[in-house]
Each structure stands twice: as structure tokens, then as C-alpha cells.
């Protein structure tokens, strides 16, 4: 289990990184998903563009009430940030479920999103928070919502020449409460199902983990809740989006638990 | 470090002495296999079959590749190797289907080694291995053992009036129970380094193994070399759990390569290889029938066991199913038994011993059947067990084994007492409780020891037992220090090098303390006898008047010599009586019949009916491993065993698809439990000494993995209102079962 | 590629291939074999070392990525020869058997016992969950971490 | 692993049948595939590159007609390939059954596929996911081919980006059944996470 040979580049700026991107190049962020796949030789990029030295991408900033997460912000940094916990408690609730501490010290928010794994926690939380994803290439910049950014499993809207540079998270509605619940076979193992919820007067967001090839918003359930409907009914509607009887039951239970935690 | 180093403890046997081997490990100085680097070593990678069953029509090695040293296929090995030796357990018939070293004309499981590729680094060897072209003609694989046309193992035994018992029984209970294949998954994978000295034609193999003796015998057979031309060295071993008792097929291949190339060859297995090619455990079904009378007495047991043995036989492949078959009377006094065992040939990696090795299977099949019987009779499962327990020893089972000693009911009582510590019901889940009992075959055959008291008074013991985490260096030193009355710090243990330690059988089946420890006792008693004679000579006293006590020889008429004084004299020929050998040492070989540990476990679980998620709330485990030398280490063995039993119940399962591909070939798909899943545990012991060895020891290495399984399985069935589900207890399975149970 | 880094407080310079994993570099190039390799896919935790004070999986980092960093391995845990309180506690509570996973546990948990004297058992178990042990059943490890965390220093 | 796709084309059965016996045309409908124009001994050589996120596999092999039942309009193709780098392989028997009605043809494509090697062993569910995606796309492109529309040239150096190429069908499936296979899950496994 040794990776196949590759050419290695470690640019220090976004501009330098963008200049290196292309069809045969793969971006190395935290590496906690990519390196195992390379060790198994299931991935063998010709060039590895290591963006760990691009300091301009490692930040957590709040401006005008909006949270700006640099793509190279580490999971552990997000987890420790009181600023994030105060304004966006769902992110701390979710990131604590990401594998284990030794993974979170290296794993990055941008890497996790760009990987496009529908059972990853942060994409689901970010989908519930109506985050926007900023992509940059030599040709310019564009910004997408979660519904456009996450395309299918392991597939995002990122083109080969594009780098995810920032994730922007709007402020929570007033008096919002959030919760994250998931089920994994063992602690820190890959999750099987889960839910991230945001509940506020007149507002509800429910994003599901493992129910589709991307994070999935349960819009019918959200509408029921936002209209002051029953949490159990909302959970049932959300759970019905999962495939199979057991997954439906499990997802329903997890949504119900998350909603209860969020006071719905 | 190491409590008591340099200090004389009053009595060490029975004391929770902390381990002496820990310090080098904690400092990162312990040397495991892959920590050893030999000059000029080449690195091995293997081309492995990607098909579960195929004819091999061609294997083409690349002509060049960066760093490539050589490629070996079955053709290159030629007549220099034979397949692995096959052993038939008592009364069994086994097929002549020893595992080949490298595949020749046919591959029979995905992962089977086809070619050995050697290069200047492991990475380069993997690069070159990708360039080897293998042409296959795929054949239909046999994945389901029930559809296997070929049998690798057959055994049956019937004793007592089985027919009559079933005919006159008040109730017959039948059940089919199945355990999936498991992966032993020691955190250190397998591996070996082979080096050959052409001058002396000596082959040295460093091998991550459970002991040096069995690998040596296997290599001697496979390579057709005399024992004395091979030296096997077992370095620090990062866990085995049964999976390193037979060397991998890879090891003889690298041995031939090392001889041919005139340079050392290292094979450090990676995790993917370990999943694909290390022999797996369990994989057995049992059809069990119990005949009971009105009082709930079990009159007879009838069982048909089917083992999914895989593609070939290793020398230990037939042992776990045979052990399971022999233990189908468990802790119960059953007059008649009929057991048939079939080992099916399938296109999967072979099976072999994994912690418990047949005992968990037997305990699971029988204890589930006993609980099903209790439910059928409307009886309390504990009461039903009490009616049937073996109560007098030695006890001959109808299947032909003799239980040496035990107090099964006491184990059960203590387990029930401990289980009172389970947390109260949460109110929302389906709660279940269950007990499971077992009897464990341990000991047997023989082990050796050599003891030398150096002129300095330090005691060097060479043991044929071999540690891989159990703590022999501490427990054996406790035994020796007590026996000799010397500080534990003066006792040095040597293990694992076939040139250094006396020949023995090996470390498996919970046998080290009882067998290896007893051999040390015998050797030391001989040392003491020699020293006493010498002390008498030195003191000018009659030997019968010299008293040995607390490390000293005292003559009745006065005069005292310590063992160290005597040892110092023993190396000075002028102080010895005429005709006495210089030095103070002795060796011994200890033999014993099989001995039988036992235990009782109680588990409390809750199933969330909404999701099927199982919560294990409490496990109480009581083991009777005979006299315990070190309770700290003994409990460590039990706790570790319980964790493996829990893993088996909760998550572990080697899954093969219909094409015979292993679908759980990494820790991403084959989960091990973490600290976060461990429930509250309560451990107790009952110590019924074995009459068959001077220590009174039996064995404790596997009890936790054996007893926890049936207790948990019975608790799960109880929570489901008696519905039977086989492990692992995934949430999906339990959710479906709980829904069916509710609908009933 | 040439890299310069501090390993256990010692300035180290070496030439490495980009694909060399940090774990292999430490073990085979520097001879620091206390760091063990158990799975090479980031699950078992045996290879955990500290990079700039944070525990990381050394099998999921390339050695080139450690250029300019400060790497600490189990060999440097004992301070001036005396065992670290966590190492002592592991011995006293029989928190290791085969010991193969032990260095990973130690390097993962050392910052935890330093920073979390009041950790609950549940938090301890969670902190341990990133390292697999196949021998002990974790009970001794939980006790050792609890003791080392509580120990005043 | 067995998969079935079905579609209808407004092309008479005779013409559909003729097209299906043209191996390069059929093979070209395999996503990410390149095929040599001339066959040899009834076999056409070609390559196929499959990509799912960071996981890339390239196979080289052959395609041939296994049998053709003109009476019942059933044709079977055998496609076999081995990894260009690595020991794994993929093989499929693809059977097309035609039924004509009013100048149109109903085409049923049944595929029995075996994948070996790491791709099969690592990541429970990944292979099913990949195969399902490939065959959905194959059926769609075959349908286009039969309608006489040339299949679009592959983007991205000929590699099929399974995720991208089949996002349509996948999302539809997601909407319909929540993606059963995905759910089988582990999808998140091979695939790691972060």
C-alpha cells in the first residue's frame, strides 16, 4: 500500500495554485480522504498540487454578520472557534462527528466539501445553513449554492481548473437553534445516516446525510415546520426521502432527535 | 520500572505485578518485524489473484522495471517447495489440499499469491507487481458452503443411546445458528525476513509469529530442509489472536528467493494483504437438536456442523471445527451425543484459529439452543442450566474428552451477582438479558524450559512458550522468583529464537501458563535439587539434612548458603564434588492431558425499536482459569477477549459477494470496536486448580471471546421475544427482527 | 526533494521522493521505529505522531509536507529519560499488551491529558476512539488516561 | 452483478438490429471508451477510462459479438478488459433484446458484469454504483446511436467522469428511490470523507 509515483507541487498562493491545475492534477488539501485512496492506488494523479502552504486560504472570518471560511481552514480550527460556535453552533455540532481528532487536525473544510462525499458531515451542515461556495479559476470566479455545488457522490461542480477558495455562511435567523445527529457503526466511523437542522420562528432547514448522492434538503418537511407544524410529521416526511424501510426509519429517528434537540 | 525490580516480594504468584516488558514498548524501543532492517535486503510484494476461482494460463513478468530485483512464480520455485502440511484432528478425514506456496495452474481464492516480486523498496516492488501480466480463465466460484461439492474435512462421533433419548424425550428443540467469518486483524500485520548464509547453508527467518517452533516445522516440511538448517526468530509481535500460528504462504516463497538471490528478503504485509490473504476465523453453521425430559434435563444432543473452510488447508484449518464438534456438550452433563462435522471447500481464503478457535462456535450453538429450549419449555434459562450442569470431576463427555476440574455453578452464581450491577432500564428500549456458559479446551501436549543460575546469581530461563502480548516475561518471572526465592529483577527470560530456546509446541489455545509455566517449575525444581546437593557438599552436611527455604539452603547443624552462593561455587570446579558438572542449570519438558477452563457470562442489552440500534449496557464475565499467577494480566486477557466478542456481536463480519470477492477488505468496511463502544464490564474469577499441573493453572486467553458471545446472543434473542438473529447485530437486522417480533 | 524539518528537537535534512509517507520516512529513513504502521488508510491510529504539536496520522501525510515542520514521535515522549506520566500510567494500569498500538495512543493522548484534567470518562473514551487496540479492550487505557490527566504537574 | 436498462427508439427493428451488429458503433456507446476501427478475428481492441471523483481506472481489452439470434433478435456482446495499471479486471456480457412495434423498437439491455481487484474489494457499494452509472449512460448513448445521432465526443481526455456524465440519471434515481445502491452504503466508505 504505497502510492504510485507523482509529481509534487506546493504553491504558496492561490494564483500559483491555479496556474498548476488541469486534467491530470489533483489538489491535496488535508489529504485525509485522498491519501488513503492513493495508498490503495485507486487514485494515481500525475501531479499533486499541495495547497497546504497557501496561507491565504486558511482563515475563519466574520464580516457584516457573514461567516467566511477559507477552504484550507482545518476541521480542528473550526471546532475550536468560539466565534463559529456563537454564531453557527451547527458547524461545531457537525464537525465533532467528523472522524477523530487526529483526522480533524489535518482535514479541511474545503477539502471535505470538494470531495463530495454524501456521508460527510460538513457538507450536510453547510447545506442546512444555506452556505455559498466560491470557486476560482484562471478564468475567473463563480459562486454556487449547495444544491448546485454538490452534483453527485464524489462529484461537485468544480472543474479541473477550479479551486474551491471560500465557503460563505449567512447569519442564522434570529432565535435559531440547531442540532446535528447521525448514526455510525462505531465512534468516528463513516456515518450511515444523519441530519442537520436549523429551527427558528418561521424558518426551518433540514439537511440529510446518506439519503442521496449529495446532501439533501428535506423541503417538504421544512415547510411543515416553518408553518408551525408537528416535528414528528416533519421527521416522517424527511425520513421518507431515504431509501428502504430501515433507512427511512433510521433517518426519521435521527431527524426527530435533532429537531427535539433544537427545540422544535 | 516493573514493580518489585530488585525487591523481594513475599509471594509473587497471585500478585498483580505490573509488566516488565512495558518500558521498551512505551519508549518506542521494542523491535517488531518491520523494525528490523538487514543490509542489502530486497523488498517483496505479491501479485495476488483477483479472481476467486480461475485457471491460470500465463504469468508474464516484466523484463525491466525501476529497482526490480527478481520475479518468482510457481515455475521458478519448481520442485523446491511443496504445499503446506495438512493435519487431521483425532478421528477426522482431511483432503490432501495443502495450501500451495505460489499458485500453479489454478487459483482458488481472490488474494491467493501468484508471483513474488522483489525490488529495492516496497514501493518499487508494488510498481513492478502492477506490470506482471496474468492471464486467467475464470471458473465458477463456490461461495456458499452449502453448495460446495468438495469436502476438505469430515468427522463424526456418536456415543450413548442418542436414538433412544430422542424417542423418549418429552420435547425436542431444534435450531440453526450461524457465525460469519471474521478477520483476526492484529494491529501488526504479518511479515517475515529471510536470510541465507551460503557458507553454512543456514536459513534464518525472522517471522511475526506466535512461536518459533511451528513456523520452523512448517518451513522444514515445505522447503524439504532439515530442521537444523533453519533458524526461526520471533521478534516482538504486535498481536496474533491465532492468526500467526501458521506462516503465510508468502514466507516459504521469500525463503527460496533469499537463497537464490544471496540477499535478505523482507515481506512486510500491508493491511490490504492481511484482509485478503491471512486466514480468517469462524465461518461455521450449526444445526442443533436437544432432547429434553419433562424436568428440563438434556437427554441427548445431536448436531451437524458445517464449516466454510475456504480453498485449501493449512495445518490448523481443521482444528477449530473439530474443537467445536468435541465441545458440543458444553458445561452440561449429557449422556448421549451425536455430532457430524463437514468442512466445505469454498473459493475463499482458508480459515484457521481465531481467538476461541471453535470454542465460541460451540458455546454459541449450544447456548443458543439451551435458551431456545428454555423458551420452548417455558422454563427459566438459568434454572434449566442448573439442572444440567456437570457437577463432579473428572467428567468424561460422551464425545471423548475429560474435564479435569471446575465449579460451573459457582461461575454462574458469580456472573449473576455481578450482573446485578447493570444499569436500570431506560424505559424506551427493548431490554434483554442473557447468560452464556462455556468450557474451554486448554493445555495438552508439552512445553519445555531450560533454567540456568549464572555465577552472579541471576537466573536465565529459556522457554519454549513465546509471548505476543500476554506478558510471559512478567508471569514466568513471578513463577521463577517465587520458586527460587530471588528478586524478580534477577530473573531473565529468553523467548522466540529456535537457536536459543528449547523445542516446544507453541503459544496458542490459552496454554502458556499451564504448560510453559509448569515446564519452568519443573526445570527450577531440578535446579534446586542440584543446588541442594551442592550446598550440602559446601556445608559439609548430609543432603537430607539441608533445608531449602526462602532462597536459602540451611544445614541442620548450622550454616546457610543462598542460591547465589551456591551458584557462584557451581562454576568453580575445585569447589565441586568429584564427578559433578560445572555450572548450575537444568532443563525440563512438561506434559499434560487436556485441561478445561470454564466460565459464565451475563449480558444486558437494549434495542431501540425505532432504529434497531443495539446498546450493550453491561457484561459480567466470570472465568475459571484455575490458579491465577497475575490477576492484573489475567483480567487484561479477559477484557481483551470480551472486546473481541463484542466486536463479533456488534460489527465484525467478513463479507464475500457472489463472485467470491471480499467486500470488506479494509477497516473502512470491516470495523473494529473503539473505546467508545465498550459497555460497563464486571469481571470475576473462580479459581478451581487443575490437578494436572504443579501451578494448578488452566488458561484464560480466550474465555472473554468465548463467553461474551453466547451471553450477548441470548440477551439479544431475549430482547426480541425469543426471535433468533445471528451476529453481527446490525441495526438493520435488529430493526427488521424487532418489527417482526412486534407483529407476531 | 530535499526537506528540512525538526524531528524530536533535532534539525534534520533529507532527500525524499514525493510519494514517501511521513510514517515510512520516520521509520525507515530516520530509524525512528517507535512509530508503527497498522493500516495505511488512516483508521487504526498506530502511526500517530505530532506535527507542530497536533496529533496527526503520519500515514496520511507525505514526508515532503513535513518540510519546515516540527515532528515529535514516541521516542521523545520521556523527558530526559524519565517516563512521561502517561507512559507510567499505561504501565501501572496494564494499558498495553502487544504494544503495537501503544505509541499511537501515547502521541494522540499526550496533549489531551495535558489540557483536559477534568475530562469525563465519556470524553476520555471519545478521545481514545481514534486509535484501535485489538488486545486490551481499552479498560486499562481509559484508567491510565484518567490517572495521567488528573496528575498534577 | 446484473443490471437491466430499457428504452424505445423510433427506428424500425430491422435497422436497429443491423446497427447493433456493428461492434464499433455499439462499443463507442460505452462511456469513456475508445475503440480501434478495425476488428481482428471478430474482436475489436479498445480502452475504457472510468473516473469517480479521485478514483480513476483505465481498462484495455476487447469487445466482440458473442452470439446473434436473428430469429429472436437477441444479440450478446462480450466486453473484457484488464487494468492498464494494476491487476484488476472487468468483464461484461451485454445482451440486447429487441421487440418491434409500429416502426419503433423496444430495446432491453441486460448486463452481467464482473469486476475484480481492489475496485471490487474496497468500498462496499462503489462497484455497483459505478456499474449502474456506466450502464445508464451506455443505454442513453446507444439510444442516441440508434437514432442516428452521433454520440458526443468525450470531454476531459476521453475519461468518463461517472459522477458528471450521469448526474442526470443519478439525480432522477435519487428522486425516485433515494439511490438504493448508494444507500447500501458505504458509498461513503471507499470514499472516505474529509
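So that you can tell them apart, the chains are marked A, B, C and D in the order they are listed, and the count of residues begins at 1 in each.
Just so it is clear, contacts are C-beta pairs under 8 Å (C-beta built on N, C-alpha and C of every residue); 3 or more make two chains touch, one makes a residue touch a chain.
None of these values were measured; they are calculated from a predicted model.
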Winner on C-beta contact pairs when B-C is weighed against A-C: B-C
Distance from the mean Cα position of chain C to that of chain A, given in whole angstrom: 28
For chain C paired with chain D, centre-to-centre distance based on mean C-alpha positions, whole Å: 47
Distance from chain B to chain A - Cα centre to Cα centre, in angstrom: 44
Multi-chain contact sites of chain A, meaning residues that touch two or more partners: 1-5, 32, 36, 40-41, 99, 103, 186-188, 190
Shared-contact residues (touching 2 or more other chains) in chain C: 17, 19, 40-42, 125-126, 129-130
Interface hub residues of chain B, defined as touching at least two other chains: 123, 130, 270-272, 666, 668, 672, 674-676
Every chain pair meeting the contact rule: A-B, A-C, A-D, B-C, B-D
Chain C-facing residues of chain B, complex: 1, 18-19, 21-23, 25-32, 34-35, 37, 123, 185-189, 236-241, 270-271, 468-471, 632-633, 635-636, 639-644, 666-668, 672, 674-676, 678, 681, 704
In the complex, chain D residues that touch chain A: 52-57, 85-86, 118-119, 122, 129, 156-157, 161-164, 166-167, 170-171, 174, 177-180, 182-183, 185-194
Touch list for chain D against partner chain B, complex: 85-89, 91, 114, 116-118, 120-124, 186, 189-190, 192
Footprint of chain A on chain B - complex, ascending: 122-123, 126-127, 130, 270-272, 608, 610-613, 650-651, 666, 668, 671-677, 730-732, 735-736
Complex interface listing, chain A residues touching chain B: 1-5, 36, 40-41, 183, 185-190, 246, 249-250, 252-254
